[in-house]
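Okay, so subunit A shows up in both of these, paired with subunit B first and subunit C after.
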Partner chain A sequence: MVLAAAALMLGPLVVDAQSSVPAKAKKVTFTVGIKQDIDSLNPFTGIVASAYEMYQLNYETLTDYSVKDFSAKPALAESWDTSADGLTWTYHLRAGLKWSDGQPLTARDVAYTFNRVRKGKYEQTNFGNYVAAMTSVEAPDDRTVVIKVSKPTPIMLHLYVYILPEHIWKDIDEKKVTDYTNEPTGAGIVGSGPFLVTEHKKGQFVRLRANPMYWGGRPKVDELVFRIFNNEDSLAQALRRGEIDFADDLGSNVFKSLKNAPGVTTFPAKSSGFDEIAMNTGAALDDGTPIGDGHPALKDKRVRVAIAHAVDTKTLVDRVFGGFATAGTSIIPSLYQDLHYDPGSSAYTFDPAEADRLLDAAGYKKAANGIRTMPNGRPLRFRLFGRSNSQNSQQTVQFVQGWLKDIGIDVRSKIVSEDSLTEIIGQGNFDLFEWGWVVEPDPNYQLSTFTCANRSYKDAGTVYANLSDSFYCNKAYDALFTRQSQQVDVAARAETVKAMQKMLYEDAPYVVTAYYDDLEAYRSDRFTGFQAQPSPHGSLLFQYGTHSYRTIRPVTKAAGPKAAQSPRSGLVVGGVIGGAAVLGGLVFLGLRGRRRPRSEVE
Partner chain B sequence: MTLIATDVPSPSPEDDRGRQRRRRGGLAGFAVRRLLTGIGTMAFVLVFNFFLFRLLPGDPIALYTRGRNTDREQIAALRRALNKPIGEQFVNYLKNPFSSGVDSTQFSRPVWDVIGDYVWPTLVLLGTATVLSAVIGIAIGIKGGWRRGSTFDRTSTAATLTLYAMPEFWLGMVLLILFSTGVGVFPGVFPSGGTLTPGLDPWSVDGILDQAWHLCLPATTLTLAYLAEYALVMRSSLVDELGQDYLMTARAKGLMDRLVRRRHAVPNALLPTITLVFLNIGFVVSGAITVETVFSWPGLGLLSYQAIRGPDVPLLQAIFLLFSLSVVAANLVADVVVAAVDPRVRT
Partner chain C sequence: MSAPAAAPVLSARAVVRARRRAARRRFVADFRAQRAGVAGVAILVVFIGLALLAPVLFGSDQLQVTKATGGTLQPPDGSFPLGTDETGRSVLALVVWGARVSLLVGVAATVISMAIGTLVGIASGHFGSWLGALLERLTDWFLVIPFLPLAIVLATVLGSSLLNVIIVIGVTSWPGTARLVRAQTLSVEARPYLERARVLGGGHWHQMSRHVLPNVMPLVLANTTLTVAIAILSETTLSFLGLGDPFRVSWGSMLDNAFAAGAISAGAWWYLLPPGVCVVIVVLAFTLVGRALENVLDPRSREG
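Coming up: the complex of A and B.
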């Protein structure tokens, strides 16, 4: 109370003191508020999105994803060519590349990095899929990298492996790398990207400085700061105050509240994530042995399609996502225009009557209690799991429960942690659940979650979850999966990928409910020059590549000082006066108690 | 009428030396007995803690590898690290309960290192708040209790009860909006979160002032929230003492009202408050999840929340152990301190 009161009294003083500070040539700092701590700065260890943002800022890759449409674009390699059989790839590095410590960046560093991943068990955890097909990586000269692969693969266009400086990392051997934190010292982490991490205060912030050696030229801001907020409301307040310049991953209520904040521009960016209702299409191990206790009716495609007809994705978009989403269809979001399959007129529209008709025709008659039963008399009573850490998930579950009741399906909903749900799914002990995925520009991983081989597996007598969570298994789909994984021609591969999505859409192991937006807001009065990926509706930051960081610039020559972020003189004044007030009060209280000499009273 | 009851215990310094010495001996015995019980409790906590986290359902490795490019062999290696035979795990755990040989799955570092990063901000924040709220709360309680029914008593009781009833995060949010964002006449002078402005050296003069500045809002929030407990306990125990005979005796001796309060009533009435202070110190380590969340204060409360969300079992286990041990230790200290000042409880 004392502190608050002191602040109240001192407030104007502090503000005055701050504005009287002469405007020096200040560093231009762009501050991003994030909600997730960086788990590790070692690119072989970290897994969270904020950590990956640090890696790509600090380390360049051979090729980049274009800001326009994710197509392959030169980065460290200025060009590349493929042999006729598609088995030999030659990358030509730019001239004069340098590490931030001044050492030349050569093809040997590139070869070192790829070979390290190929040979290192631990290193493969994050980057194994990029090197899986590689049989040799060599550097015949300083600017040429030759990579041989066992079969043609489109991943060679997007080798998003962060190239590391051999002269630093050669000292961190296989044993040390697992515990290596890669925390910055001195001038920052030695890298080749546009910014270099110079300070990491765990749980609080990461600071990066512009890299003057960057091949694309020095960025237009001097410093980047990523500040960690554990609360969305304080994140929004910090943006309002100008303590930070950018916030993303906001909830729709906070986002709406920022709409009229002065100097702030809100931007609902299309994101690469989707949410779905997944169905147990017949849980089994990768060898086909059935597991779990999924409801047999869900093996029937007609039941799944009826459910797809009964889920009103439009309502979910409006009521659960506050309108900041697009109704979903196939498993590659519409953000990836070239890959997304749009069912068009054959889409499963919201139509409970049609759902009823399908179920009637398939022989699932309604019993007296209004619940449909299988021909063998077993009622259509499904367990639907939602996730305890997601409000959206729980709301979706409630809606779906109501809609399915309307078509005679009894749904028991259960909210569990993601950790428990992972186990329940892996054992096949579910009927329906709500969850989602974030889809990479390369569709391979997402498509692989529906292959027969990625169903659960048994190891030493115990059943473990794998990537498949619907237990979809279709030989024709698997054949197409193998085909797309070897198609280097972008257009031809897109056709295969669309055919696979069509297959999934028709078989309906998932009802994709929504492609949700990433709600972003930034100080447009201070910074400009953001690039959306893909243009023009995609994300402004946290992209595949460091596009916006390289082009953002202050609105005026020197972006105004941030509001009261470090009111040094004000702080001193406030501290002294506040301290004096507290001391004065204590002295006063003390004196009052000892006003009279002891002798007088005893 | 006997005004002086001979066996009324009065811990005032006028007691004779001989009795003091006897009491001190009794205290040592008591302290040793309490210490042994405390160690027993800790041993139980240690073992219980181990098995508690072995009972958690779920598949942390599958969740950890979901959306990552890991093959089965790598996953199997991860499982082997986490799922060693239970006996082996238990032995490793007893050797070093805080590390258990497995890194935090979330931070990929030894759990003790992770906790080390977060323990200081928590100690600073909760320590400040506990001291401030105890001092201010006790002062309010004494003043209100001594003049029961006065305007001060009624306003302070109402005010502290109101603050007590407010959810901490809500109070924090209100303070944040008023004094950080700034509304109307309220100046937005405080930072919205964190402990330090990026770019400052934490050990420079500027850095220390800056950290104090960051501490203001969260510490005020917690002080206000904790205030009522101390004020109300102090007030009611003082009110209990008001009708005691020894106070009448003191007054009859002709002592000033102020001295009666300070030398006779307050020391006796302080006992429950002392217990409360020490019990709360046990919870200092466990942080304040909600306030740490509102002000993005990187403390243990927040870390435990993150660990549960994972769930990061190795980290969670170490945090729980730390929390339980600090509570047991604080209880122990509270028992001994109360026994030291009040011989009646040495049984």
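Coming up: the complex of A and C.
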């Protein structure tokens, strides 16, 4: 879709395909509707996914993830080699690399960035895991980076650290960096990626322009706009009306409603996320000191396995995810085919009778009220936490509560915010909870969430949460974890990773409920050239890398129908009357305060 | 209880009884003349009846997501007269069960609100001293605080449960009543017979409970029915904002769920309309009854 720049300058709320006025140089603008605001444009500060999308658009990395299967692929470095002992890595940069302000991009910038992360404290938060094993990073010449590591590590193939321009960032010292917002000025944030952030209005939009200096060639669209929506229905309506070209992270019912919208293509992308029911397997600190008030019965593997048998993942996929998910098993989603462990015939099938049999055999007998008790008489009564910002979470909790009741386990559900849940988990004050993870192509981080060392820790008398949220601790697992972290051979490492998942599946600290899809929809009447990662069923945007942004192009034939789709009359009536009650409430409450008391004297 | 039986001359007690009987008869007759009020009562009887009969009409199993039999957002048909929600439960069953929570919260919150409002109102009207002034400033203070932000903050701090919603609405909706009661108290206390009671040595408690309270009671009663309407709307609003008990079906939480499940985009009007319409009808019914009561009990508005 072609939009005049003038219209866009007025801000996203007035952007309207109909109002584009003919200008001399027509810009091609690709507008993405997102639901998550960008927390910070400073790559050392931001943590949300939408912010990372900005970083990777703005800053190139040494190596990239391939669009096909996440394997390592050249980016700033056109090639690399390893010494025989795997302790010295040499990266060869492309010739003629330039920053967007015209300054040359050299190996010194790369060395500066890695050394800054290595030596910084604040900088470690987001990128510390990439540099943990590095002992030195040097730039012997403009196009060569030599990195020495203390032990062989596969992470060297995927150094996804955004390379920053030394001539800009050297002025932002370790004190300034914590408050540095990196907001764009003038021609935009100086970077090396395919697009550069030129404008950011908090809670409204981010605008980026194509970078003509980009090593891969200038992208085929001139401008990218990310518009932030706080409600799914308005996101879907904006796509229907053609105000935006791409909508991400849709709910299943909204997604289905877009299926027949003219000019719109819906795409249920396989994502790298999973949801789970996690269990408190015995909360303790990293040194083994017990903490929290978790139910002792959940330390018993037989109880956890019985729960796994009682949760019907297929029904969750159908009812909670509207069919747009795959029933879950192990903690590396099936999207990562080479790493995913499939339990096959030994999978826990939905079988309440089997769950009953397991619990009976383990000595948890049903009392008169139908609730099972431990041999010491304590009833199996678990607290189950759900997340207040997720409808899927609250529904899953209701289903699990119902199923566990059927096998004699009484569940008390509670919905809390993610912030408070993090706190509750870190202190070990839970029995069960529902949450999820997004798994990176490198499995190291995900696997580390089950190591003994990553349980909560104590500092100056206060207990702090760490990565572990099930408090799983198994020496054999930890040994395998160390082994995989040093296996550079991809196939050998995959075997270790699968063995670890098998161990977790059998011990059942998690019941992985679903590998959900990322529901995306776009204006196929206007744009084409998307690349799915991994091909052919993965995400079209919000990938590891900027693949689609570099290849999307406007559809060449005359733009398709852009008339506003009039919404169905039934839903208008529904919306109006449904909202009338709430609106009426607000009006009524507003007026109530103004009801004047009768005169004080008769 | 200990009235002298078959006394030829009517005792004082009997006279009072007879007078009250007559007043009741007059009240019923007056109320019957208010057709809108009668319609309101009829509607309320239907809804309260449905709410009480919910477990008989639709077993509590119908609220269990694991026992749901319908499809996702299935349009109305023979087996589901009002369609299904996103988990396949019957919307009709949800609406009927939802009436229980909505009415319960409405009435319970109003009781709290009325108790606080009447107490503060009478006390601030009766004690002209610093205590009265203090109570009135307190009322003013609660009046000027915007209700919704206060309720949201309270609900967030207390956590989402049915009892908390009742408390939040109760403690935030009393100042209007207090103002009304205070004004009436002042006008009652200016009457000569209260002056006489004071001269005869009637204490504060005696004056407030025996003379002022019976005189403000009709007003409180009329105000109660209007406050129930507001409380039900408040419950709907808070639940819609996700501050209610997520595991109890109420009309507000249904609207919240419908909104979150994308029922608007999906065109699932059968999920949005019924709870919305029910709230509108019940609030209207309470308002009609309240207005009618006001007309009957307040002589001044009757003349107008």
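The rule is simple: the second predicted complex is superposed on the first by the 531 of 602 C-alpha atoms of A that agree within 3 Å, B and C clash if a C-alpha of one lies under 4 Å from a C-alpha of the other, contacts with A are read in each partner's own complex, and residues count from 1 in each chain.
Just so we're on the same page, a residue touches a chain if its C-beta (ideal position, glycine included) is under 8 Å from a C-beta of that chain, and two chains touch if they have at least 3 such contacts.
This one's a predicted model, so the numbers in the text were calculated from it and none came from an experiment.
> State whether A:Gln395 touches subunit B only (first), subunit C only (second), both chains, or neither.
In the superposed model, A:Gln395 contacts subunit C only, not subunit B.
> Quick one: classify A:Ser150 as touching subunit B (first), subunit C (second), both or neither.
neither
> Identify the partner contact of A:Trp403: answer first if only subunit B is touched, second if only subunit C is, both if each is, neither if none is.
second
> Tell me which partner A:Thr135 touches in the superposition: subunit B (first), subunit C (second), both or neither.
neither
> Scan A:Thr349 for contacts with subunit B and subunit C and give back first, second, both or neither.
Neither subunit B nor subunit C is touched by A:Thr349.
> Of subunit B and subunit C, which one touches more residues of subunit A?
Comparing subunit B with subunit C, the partner touching more subunit A residues is B.
> Considering only the touch criterion stated at the top, classify A:Asp179 as touching first (subunit B), second (subunit C), both, or neither.
A:Asp179 sits against subunit B, while subunit C stays out of touch.
> Where does A:Gln237 make contact in the superposed view: on subunit B (first), on subunit C (second), on both, or on neither?
both
> From the superposed pair, tell me which subunit A residues show up as contacts to subunit B and also as contacts to subunit C.
233, 237, 567-568, 570-571, 574-575, 589, 593, 601-602
> Okay, in this complex, where on subunit A does subunit B touch?
1-4, 7-8, 10-12, 14-15, 29, 31, 37, 39-40, 42, 45-47, 121, 124-129, 178-179, 181, 199, 201-205, 207, 223, 225, 227-231, 233-234, 237-238, 240-241, 243, 389, 417-420, 422-423, 426, 437-438, 445, 457, 459, 464-467, 563-568, 570-572, 574-575, 589, 593, 601-602
> What residues of subunit B sit close enough to touch subunit A in their complex?
Subunit B residues touching subunit A: 57-60, 62-64, 66-72, 74-77, 79, 103, 106-109, 117-118, 121, 136, 139, 173, 175-177, 179-182, 186-200, 206, 209-210, 212-213, 216, 219-220, 223-224, 227, 255-256, 258-259, 262, 292-298, 302-303, 306, 309-311.
> Which subunit A residues qualify as touching subunit C in the complex?
Of all residues in subunit A, those touching subunit C are 232-233, 236-237, 251-254, 256-258, 315, 318-320, 322, 386, 388, 391, 394-395, 398-399, 402-403, 406, 413, 415, 567-568, 570-571, 573-575, 577-582, 584-586, 588-589, 592-593, 595, 597-602.
> Which residues, counting only subunit C, touch subunit A once they are in their complex?
64-68, 72-73, 86-88, 143-144, 147-148, 160, 173, 175-176, 179-180, 182-184, 186-187, 190, 229-230, 233-234, 236-237, 240, 242, 246-247, 251-252, 255, 257-273, 275-277, 279-280, 283
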